[in-house]
Structures are given as structure tokens and as C-alpha cells.
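Chain naming follows the written order as A, B, C, D, E and F, and within any one chain the residues start at number 1.
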């Protein structure tokens, strides 16, 4: 592993976009930031700005309006970038997958690299998902 | 050229955990007008509730909002119970109070943390969220899940809490109370926090009533209105006085919630002390028919479910009026005249839950 | 080469610098052909520039002060007659404009002038009326070069200006007549040693500024011109009172002689006699340099066509005011007057900068900035150390170049986008790359290292340490200055990503030439500021004060300016030329995810009800804090008080 | 000697600066009862940013960043080689203004508002720095650092105590620490997203980060000047100030720009002027 | 699907305190409610096949009162946002999701509150298929 | 606040050092759905009860398809199954690079969306 790859693995900056979640997954992502889970140990920072981000965490049932935003955000991220879909809603629409204003999963809008199942996934699962995504990014 | 600054505030914005856009017009940094633009979270739950069986709807309405999911389920179940003319057993009622109040407690911790974050007090945010994890552990242990606990069922609860866990809850609450004693004074007395909250986002009592505010926003204006006064579940037996403040600004709202934290701790303790033994589930009889309005108090305020059923295993209409939906018009009234820096503080002061609002 | 300079007789140079503009002013007022007019203006400009350079070379090579008596006719008599002629004109204007103020001040001036001319004459002329030293040279260079550049720039500008007004008869002849008259008068003023001559040219500039401000003859311009006239007449009264007092005290009427007297004679006695007249002259300088509370005439002057502003602010008019103060600064050194002059100047510096923050009209920002900068120059004169005076002179030079440049560029922009509002200049970088580049250079040169204005400002702060009050005002004032300049630059640079290609800008040759000339001037002069200061200005100033070397070592000059310049230039040029963005790397701006990505060249976002809205960010003007009318009120009151205190201090000092 | 100084500045300063920022993050985490990132985290961030694909909105951004870092390094070199302090300050200001212009150059709401606020931050701290330099002049009669270092003066802190306090304010403003994280916050949980840095990314952002490291060393160098007789003590004082700023960051909310200007210009300028006045009177 | 359960005859429950009003007198009634300082809670719309049933819920001291109007399909309903500004959001929602025309809403989202172009309009109407 | 942060500084961090140390999972945690098809009679009760329609039962083909990515972990299926074939495992479902369905037909197989193994 060269220094660049090591740095990439050690410094994932996260952009979290809630594409229409019930807040369950979102607060679990936020909980990852807190002292008990403290993802900053891995250098993860929630940067809140696509232009700085390496990892896009998407939660929620995507609808057409948020799909538009999601696409825009993804486009604005610099390469290399990975997308982690978090929670049943983002994977397939979950319990809402048949609702009229729900797209079945965000992978129709942006290419998803890692799927984190659960409703809501535990913080551990989310951390695991991000780390898997980084491995994938370094293999590319 | 217009001499107003026009900027989008959201949908993707780090201070707004949820997607909502405020179209802000500013003069220098003073907000002239703010129009909310929503629809990023709309799923169509009311329609989905007509599609799914009424028993399955419990899981659907839990996911209206992941922060106060239990209370949504509670409101729904109480409505169905009314329609089916059944009553939950006493132990279930007390369990419902325990979980409701723990939800309120975790929601208020979450809010206090986010509120601190809104004015850039990161270490305070960390403090509240660290304490909140204690409550999340309780959910994990008692309900088997951290966020959406799925313990409320029509006619009672799905799970019981063992005596060992009850003791654990009491111990945790002692710790929570101790930590609150450390953190709440910061929110209430710290110079920099007071600078950012006192007098910010002020509305009058008349405005609050006129604009249909709900929950802590209303109570911060001196209106003692709390659905728990209706005495649903076991609240009637626990003795309950709503918390009110009179200033109607962000500081008063924070104070209401801070005091409610202590109140919730007390309520849970009382409920555990008075917890009767017995069944936790009454088997539902027949199918719901008729119309009913069910109201409970969410951490964010009054939650109202309108249920119409015509005797099939599906509902005819489920109408969900969430507190944030009611608090959006007051928010629109609070924003003009404030500073841009205060926008997140004011937006958070109503404790917005957009996924509730849009359903 | 040096021989050549010697072969050109001084008389010819003087004729070229003073008389030629005056004569051609009348020629041009009858020339109707655009072509011929342009030819004459360019020719005169060349003559002025070359003559001033020759004069400069001559004085710097020989290190001498030139006293020269013009021959042929009795010029003194001519000046006297012309003086009264001027007074008559002022009275006529007062009548025509129905302005009691003008009338009163004109009459007062006439009476005092009459006393000076026909009253008891005690002193004989010690030196001939033409007096050329380093200061005159600096001023001549500015007037003749920057002024000429403005004159050339006016050619296309006025053509365009009149095209918009749909005039039936062109007023350009009058305009250029006044312009040339102005330049001639300025040269005359700075090259004269005799106070009465200076006064005469001084009053001509007052008259010329009135004509230029009222050029468009709109209601507003006439009103503002009238105000400019009476305010400058107040200064004129101060000037002539000063002259009268000198005559009354039986002192020589000659700048050169006065300076000498102070340097050699029993100073205390003479200074005591001179201090009140000097206060009067400083007062005159304040009015002309538009110091608070006389700032309103300069702000009103911006209704005139932009070249007029460029001229008034850069090379002429306001510079006449500071010239007068600097000219006599050594005389009132170490007096209460000097301290007060510094405070008045510093006050204008800080309040001008403060008021500029609240303005969105480019010309108004420039006007307040001029007031502020002239305040700084006057503060330097008041600090009255060799270093401070050197700083003042450097400021005069660099301010003239940069401010002229900025006004001219604003004029070009105005003719292109039809607005002087800074907010409307948003994204100018994409639409008019050349002009905005020049503007940015102009602004940077007013503000930051390694440009001359800043270096001079640092020297000013360094010398202000003797006077803590002035020092505090200078420090805070320079901070305020940063605010409005940066805002302005930011607005111009604010472009949409993927703005449809870089348009090549079609700038008329005369515009491009004049702008580029001054922009290069600002850069090149800054590059050589250290040798200029060390080899030319500082020795001259030391000599002026009759001190051996500098009293303080100016540490500001010891900085490795060349290295700083190189590093900055390199850091600008490297990414400009060697690090080009490919179009695929250009991404639209972050608009919270709601930008309209297919049209990234706009800053539109989707909003309420899926409609679109244009993202606009306006600069901050702090309307509540910088309410102009409120601040102008208290500033006027405080500034008036300061001037009262100034005279009081002079009185007490006796 | 000069060469060694310059080498030290260009190569060693960012290493120390990066480590200090790493320490900042670690310490902040510990103050919040977290484990926090490894102390080398800023370097990982930096290398990663250099390896990112390049995106920008216009060419000017590249120029502005390049001038920003060049000026920051230049001012540090000026300090290390004992040059004029006043010149140094304005070279630093040039870099800062170029960064602001870079923020302005994109029509993005947060970057532009961030730039506006950055001007205000500049306005808040600039006089405090200049006053300190003037205080130095009053004691030593020169703006030259070399003069200060070689002359036999008592430690400046004894006669200029107020400036220790103002330098802490300046450092907090410069490093965007609460309560002064107004134009851009480190935590991105701010109404302006990343404020002035919103539109910079990849290598540009990395250069800005690096410039911050230089800047931190510069500011600490400034504080160290207050104990110029023994730079080890000076460095320790500077380090203590740095820790104080971190602590301040963790015990304060973000305040508004109005408050910042009012505070910096009343309290900061007030004690600076009082200190200077005391020197004038006692002289 | 679920095994069919026998439906026991049970008392039909309906919400108390409903007052039926005509569309024409709605605004007057609402104004009266406002004068009596009732807090506007929300509105509920129901699609009853040929007409919409719209309920206005008001609260006073935890006590709910309701107004009910029936609007035939194709007719429009006046907005009450001039009296209760708070109603603008729910009125937009009903307008968009049910396809009931509500006129003069204080802030009108033009049927784009929740849904964007391309999503089927009026999804809550009963004639829309249940998926 | 200063007391709080300083006491934080001098006490142990609250961080659970995941993944180096995983914490004990409480009893009764609804982590993920676990199928044990030995006793399965393909009655379809689980599919009927599932609010997210994550389970499909093909009775003639004796096939159960479980879509992990729709599952909301409500444990309704586990409660509905009379044969005890479905349990809630304590461990949470791990993330994956590809979306995969869990199909049971006799023996459990892992397949992706296209039905490939």
C-alpha cells in the first residue's frame, strides 16, 4: 500500500445526504460521530460539502425530487469517490417500496458501492460499510 | 439588479440533518423573508396506510419518524383500540409510558445536542449525545433495537420489561440525571449560549396560538398545553403538570425541553415504581369501524391521528398531523428579521422533523 | 543625452508646461473637427509629458533648485490684472447662479486682494516668481503625465458620452478647453514660488473645476458645481487671508524665501509670525483637498463625466490642496499647528474609509477613498518628519496613478454596462476581462504590498508613532480601507463557473492604451519604489528639512521588496500559465444540491414549487451601521470642531 | 544562517504545524471524551487531498490559493530572517485577501458569504496585530525582528502584557476557533457549510490546509517574540496560548460577526491602546 | 390474505363535536372560530367518491371541535389562510394530493409542494389504484 | 463547561473501540432474520405478515426468497412462523458490495438480483 492509498484509507471525508429517510438512519450516522462510536478515530469527518467529500452516505427512500439533488451532489464530488447506501429505504425502498412517491433504492440514481442493510442499521454496521467502501476505492 | 441576497438554504446542508430548503432573502445578513420548500421526504404514507392491513400499519407509522417512532405507534394503536373498543392492560399502559418518556428523553437529548451544534458548541453536542447513548442502550436491551423499537402493538405491547432491566433503567436514569445536572446549566447559563439564544426567534403568545404552534414552541409562550394532560396510557395516574416558559424565544424553548428532560426522568421512575403486574396484550376483537381522532404528545408536540375505517382489514383513511407540520407556519413567522447565523438556531428551536412533516 | 537636456532652454520648457496648455485651450475651443481636436490633445499631451521629463532629468541631475524670472513682459502685472478678472468672473457666476455664498466670498476675496495689491507693500521679491525644486518636479510629472493620459482618455469617452446625450451642438470644445486650462494652471501653480502667483493659479483651478462639474448642465450638476465653487471660495478666502497676514507681518511673499528664513534666521520669532498665515493656508488646503468637513463638494463632483473625476481626484485639484500644505510643512514643523493638521488629516482618513464601506456606487467609493487617502497625505504632512513627508510624496504619486486608473476603468465599465453600481459589476471578470484585470490591479495597488501606496502607508504608520492619536487612527483606518476594496474586487471576480467562454474584449485603442499605460505605471513604479525613494525622494526631503540624512531609519525600506515582488509575481503567473483547468474539471458551484446542472453557466437553483430563482449574493454595506446621512452629520460637526481647535491651538501657541 | 532559517521555515515549519493541528484534533477529542484521530491525521488528510481529482470553478481559484500559500510562507520567511514586522503583516494580509477573493470568485452563496465574513474577521484581527507590532517598535525603536533579537531588551511581555491576550484572540480568529469560527468552521456544522473554503477542493484545499500550518507557526512565532530573550520560553508561551485557544474552542459557542467586531474592537483594541498609552506615559 | 374473520356488529364510533357547514358560510364560521381564540389544529380531507369531505379541526383547552364541509368534485373550496395563516401548508397538501381546488392560498405552491413534474397528480384520490 | 471538558480530559474516553473491540450484544436483540428451512412447510404466513413484503414464498416450487435489503427487522415473520423456522439473530446484517437475495430451496443459496449464484 503506497502512501496515497494509505492516506485515502485513513482519511475518508463523508458527505451525508438524507434522500428522504425517517431520521432513524440519520441519527445513527450522527451517533457514529459521537464519543461512544467516534468515527474520527478513522479520520472520518462529516464535511457536509460534496466538493470535499470522498464517501457519500445516502439514507432514505429516494423520491424524484431528492434523486435530483442526490445526482447533483454526486456529480460535484471529486474522484475517487464511493457511495454507501444506508438502510432498507435506501437499498430498496424498504417498507415504503410501493409508495407512490418512492423510487426503489438509490442505486437507480447513483452507482452504489456498498449496501448497508438494516432498519435502522447499527452504527457498527455503518462504520463497517464505510470501511468496506474504502477498500473498494483503493482497489479501483 | 436586486439588492437582496437570495440563497438556497438546503436541501443538502450540514446544519439541517434533513432535507428541507429555505429560500432565504437577506439584506446584508438579516433575513428579510424565508419560504420553505419541502417535498424531499414525501413518501405517501397516508396512502400506503390504506394499502396495508391495519395491523401492519403499526410498523408503517413507526417509520413516519425514526426519532419518536414509539409514540407514533402508540398514537395509532390507541386509535385502533378505540375503534375496536378494547383497552390495553394496565401493565402495558405503564410500559407505554416508560417507553414514551424514554423516547422523549432521548429525543430531547438529541435535540439539545443538535441545538448546541447549531450555534457551534461542538463539545456540548458531544456531551448530550454521549449521554443519549445510555438511553439507546436501554432501548437496545429492552426492545431489541436502538432506533425503531417496534414494541407497541394494538391492544398493548409486544414486549415486557424484566425486573432486572427495570432496575437497570433506574440506574441509568440516575446517571442520566447526574449528567443532565452537568450539561443543562451550560445550555441555560453559559454566556456564549445565552448570547445566541436569548431574544432570538421570538414570537408572542398570540402569534403562537394564531399560527397553530404545538408542543414546546407553544409551551415556551406560556400556553400550558400538553396532550399528556388528556391522561392517555397511564399518564392520568402519574400526576402530570406541563412545563411552561413565558419568553417565547429560542432560550425559552430550550428551557422547556431542558426541564422536560428532568420531568421525563421523574415520570419513568414513577411509572416503574407503580408498574403493576399482569398481562401486556389484550387480544383485539373484530375489525375497526368508524372514525376516531387519537392525540398524544410527541417530544415535538401534539401528534394527531385521524382514523377512518369501514370494517375491512384496511383503513379507509389515515390522517397524520405531526407537530412539526404545525410548527412550520410559526417558523416562517420567526425567521424574518433574524441574522443568517441565527437561522439554524431558530430552525432547530422548533425541533423540526421533516420526515414527520411530509410523511 | 544630458547635454541635450541642457540645450533645451528653461524658458521653452516652462512655456510648454504652462503657457502651451493655456494657449491651446483657446485654440481648441474654436476647433470643431473631432480629428483635429484629437490631434491637438495628443500633441499637447506628448509635449507636456516630454517637457516634464526633461525638467525632471534636469533637476535630478543637477540637484539644484531653480529660480527663474520670466522675461518679455511684466508677468506680475499680468497676474494682478488676471486676478481681478477672475474675481469679476466669480462675482458674475454668483449672480448668475443666484448664490449669495459665492457672491459674499468673492467680494471678501476681492477686498482682501485689493488690500494686498494696493495696500502698503513692505517686502521686495527676494527671488524670481518661478521656483522649481524636487516637489514641483514631482507635481509637474503627475500633472503632465497622468493629467495628459486622462486628457487622451477623454477623447473617446466624451464622444461616447455625447452620443448618449443626443446633443445637437457638441460641447466638447468647451470641455477640452477647460481641461487644458486646468492642466496649465496646475503646472503654473506648482512651478510658482510667489504666493500671489500660486493664489492666481489656485483660483483658476477653482474656476475650471466649476466649469467641468457643471459640464452636463443638468439641474444636479449645476447645483453641485455651485457647491464646489463656494466651498473652494471659502478656501480661497483662507488663502488670500494668509497672504494678507504675511504681508501684514512684513514677511516675504515667496515660498522659497520663507523656507529659507525658517531654516536659517532666528526661527522662533519668524515662526511665531508665520504660524497664523500658515494655518490659513492649511485651511485652504483642506478645502481643496476635500477634507472633512468640506468633503461634500468632491462627492458632488462625481456627477460630472468620469474623466473629470479622474482628473480632479488623481492629478489636479485635490492634489493642489495637499501640495500647498506639503510646500510649507517645514515652516510649521514642531508646532501645535502641525499636530492639528495631522489629526485633521487622520480624521479624514478614518472617516472617509468608514463612509466608503457603506457605498455601492463605484464613483462614490472612489471619492470617499480619495478623501481618505488625501487625509493620509495631509496627516503625513502634519507628522512633519522627513520620512513622513517622503511618504506623503510617494502617496501623491501612487495615488494619482492608481486613482486615475480606477476612475478611468470605472468610466469604461459604466459605458459598457450603463451602471456605476458595484453590485452590477458582478462577474465583470468574465465579461470584460481586460478592464477588470486592470481594475483589480488598480485596487490592489491602492491596498496591498508590494505596491507603492502600501509601502508609503507603512512609512506613514512608522512615522506616526510620535503621535499616538494619529497612529491609532491610521491603523484602524487602514483596516477599514481593506473592507471596501476587497468587497469591490470580490464582486468583479464573482463569475459563474463555465461562463460561456472567455469573451475577448473589444476595447477602443485609446482606452486600452491609456488604461494599460497607467496600470503598467503602477506596477513598474512599485517595482522601483526602493531606488526612487532612496535615491531621489529621501535626499530631497532631507535637504528640504535641512537635516543631515534621515532622522529615523525607515525600516520599511529595508524589507527585501524585490524578493517579495518576485515571489508574488511567480505565484500569480505559475498557475495562470502552467496549470490550466480543463473544461471537464470545471464544476458548477455548490448550491445545496439544487443547482440546475445542465445550465451551470447560471447561478440558478430550484426552489419553492419547483420554480427557479437566481442565486445572488450582495456585498455587505452594513446599512444600519454606516448610514451615510447620520455619519456625515457627526463627522461634519467633529471635523468643524477640529478646525476650530486648530485655529485655537495656533492662537494659544503664540 | 539565513539559508538555514529559510530551509527551516519551508520544510520543518509545516511538519510542526501539521503535528500541532493533529494535537489539536486529538486534544479536542479528549476534551469531548473521545479517542480522537491519530496525531498524524492532518498529514493523511493532506496526502489524500493531493491525490484527489481536480475540480474547480475557475482559474482564479488556483491563482488565489497559490498566492495565499506563497504569501504565508513568505511572511514566515520574513519573520525567520529578521525582517520588518509591519511589512510581514501586510504580506500576510495580501495572502489572506487573495484567499478571500478566491472565495468570492465563485458564485456560490456560502463561499461568497464566507468571504464577506472573512473580511470582517480580517478587519477584527488586523489592528490587534498592527498594535502589537507598534508596541514592539515603541520598546525597541525598530520594526526589524533582527534588531529585536540582537538588541539587549528585557522580554517584551513584561512591558506589553496586553498583547499576549490580543494574540490569543488573533490566533482564535485566524484559526477559526469558537467563538470566532464565523466565516468557516472546522466542524462543517455551520450555517455556511464550509464557508470560504466551500468551493476549494482537492489539491487547492490541501494547499490551504498547508498554508494554515505555516500560519499557525507564524502566529506562534509572533507570540514567541514576546519573550525574545529566550525563544524556548517564548515557544512554550506560544504553545500555552495554542492550548488556551483549543480550550476556548471547546467551552464556547460560535458567536456572531457583530459580536466579534464589537469584542475585537472594544476589548482587543482597548487593551492594546491602553498598553501603548502606558508605554507612552512611562517613557 | 388473512383468514376472514366474522365481523361482529359493533357500535359505529364517530368523532364528536362536528358541525356541518356549507362552503359559502365556511369563511364566516372560521372567522368566528378565530374570534373565539380557537387554535387551528389541522384539516383532513376524505375522498367520498362523488365529493370531498373536508374537516377543519380546532382546539380550545385540549377540547377538539370540528367543522365539516362537503365539496362536490369539480367545485373549489376557498382558502382559510387569510384567517388562519397556519392553514397554508395543509391546504397546499390537500390541493396537491387530492386534486381539490383550493383558491387564494396565502403561499401557493402550485401543486408542487410534495410532488414534482412526472409524478402522477392527485395520488390520494380514491380512483387511483391501490398498488 | 470548563469543568466538564477538563474532567473529560482526565478521564477515560467513552469510545467503544470498534472494530478492535466489539461489545456484547444484549439478549433479544433483533439483529437480522435467520432462516432454518428444515421444518418449513411453505405456508406463507411470514410473507403475509411482512410489512415490507421482503419475503416471497413459492409454495409449489418450495422456494422462499428473502430480500434482506427490504427487511426492516420488525420480527413479524419470526412471530408468525408456527414452525419456528425463522429466528432473529443477534448479529446485525453485514454490509455487502452487491445486492443479494437469500433464496431457500431445500438448501440455502446466496444469489444476486439476476438469480445467479
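The rule we apply is simple: a contact is a pair of C-beta atoms (placed from the backbone, for glycine too) under 8 Å apart; a residue touches a chain by one contact, two chains touch by 3 or more.
What you see is a predicted model, and the numbers here were worked out from it, not measured in a lab.
A.B. asks: Look at the interfaces D-F and A-E and say which one is made up of more C-beta pairs in contact.
C.D. replies: Top pair by contacting C-beta pairs is D-F.
A.B. asks: What is the chain whose Cα centre is as far as it gets from that of chain C?
C.D. replies: That would be chain F.
A.B. asks: Chain A to chain C: how many Å between their CA centres?
C.D. replies: 60
A.B. asks: Between chain A and chain F, what's the gap in Å when you average each chain's C-alpha atoms?
C.D. replies: Centre separation, chain A to chain F: 20 Å.
A.B. asks: Could you grab the centroid distance between chain B and chain E? Build each centroid from C-alpha atoms only and quote it in angstrom.
C.D. replies: 24
A.B. asks: Suppose each chain is reduced to the average of its Cα coordinates; what separation in Å results between chain B and chain D?
C.D. replies: Once rounded, the distance between the two centres reads 43 Å.
A.B. asks: Which parts of chain E, given as residue numbers and ranges, touch two or more other chains?
C.D. replies: Within chain E, the residues that touch at least two other chains are 1-2, 107, 112-116, 123, 131.
A.B. asks: Which chain A residues reach two or more other chains?
C.D. replies: As it turns out, chain A has residues touching two or more other chains at 17, 34-36, 38, 41, 46-51, 63, 65, 68-69, 73, 76, 94-95, 98, 100-101, 119, 122.
A.B. asks: Using the touch rule from the top of the page, what residues of chain D touch 2 or more other chains?
C.D. replies: 29, 31-36, 53-55, 109-110, 113, 188-189, 193, 198-199, 250-251 - these are the residues of chain D that touch more than one other chain.
A.B. asks: Every pair of chains that touch: which are they?
C.D. replies: A-B, A-C, A-D, A-E, A-F, B-C, B-D, B-E, B-F, C-D, C-E, D-F
A.B. asks: Would you mind writing out the residues of chain D in touch with chain B in their complex?
C.D. replies: Chain D reaches chain B through residues 28, 31-34, 109-110, 113, 178-179, 181-182, 185, 187-191, 193, 249-259.
A.B. asks: Report the residues of chain D in contact with chain F in the complex, numbered from low to high.
C.D. replies: These residues of chain D touch chain F: 27, 29-36, 247, 250-251.
A.B. asks: Give every residue of chain C touching chain A within the complex, in rising order.
C.D. replies: 587-588, 590, 592-595, 597, 606, 610
A.B. asks: Spell out the part of chain C that touches chain E in their complex, as residue ranges.
C.D. replies: Checking each residue of chain C against chain E gives 608-611.
A.B. asks: Can you list the chain F residues touching chain B in their complex?
C.D. replies: Counting only chain F, the residues touching chain B are 1, 3-5, 14, 26-30, 49, 51-52, 72-76, 88.
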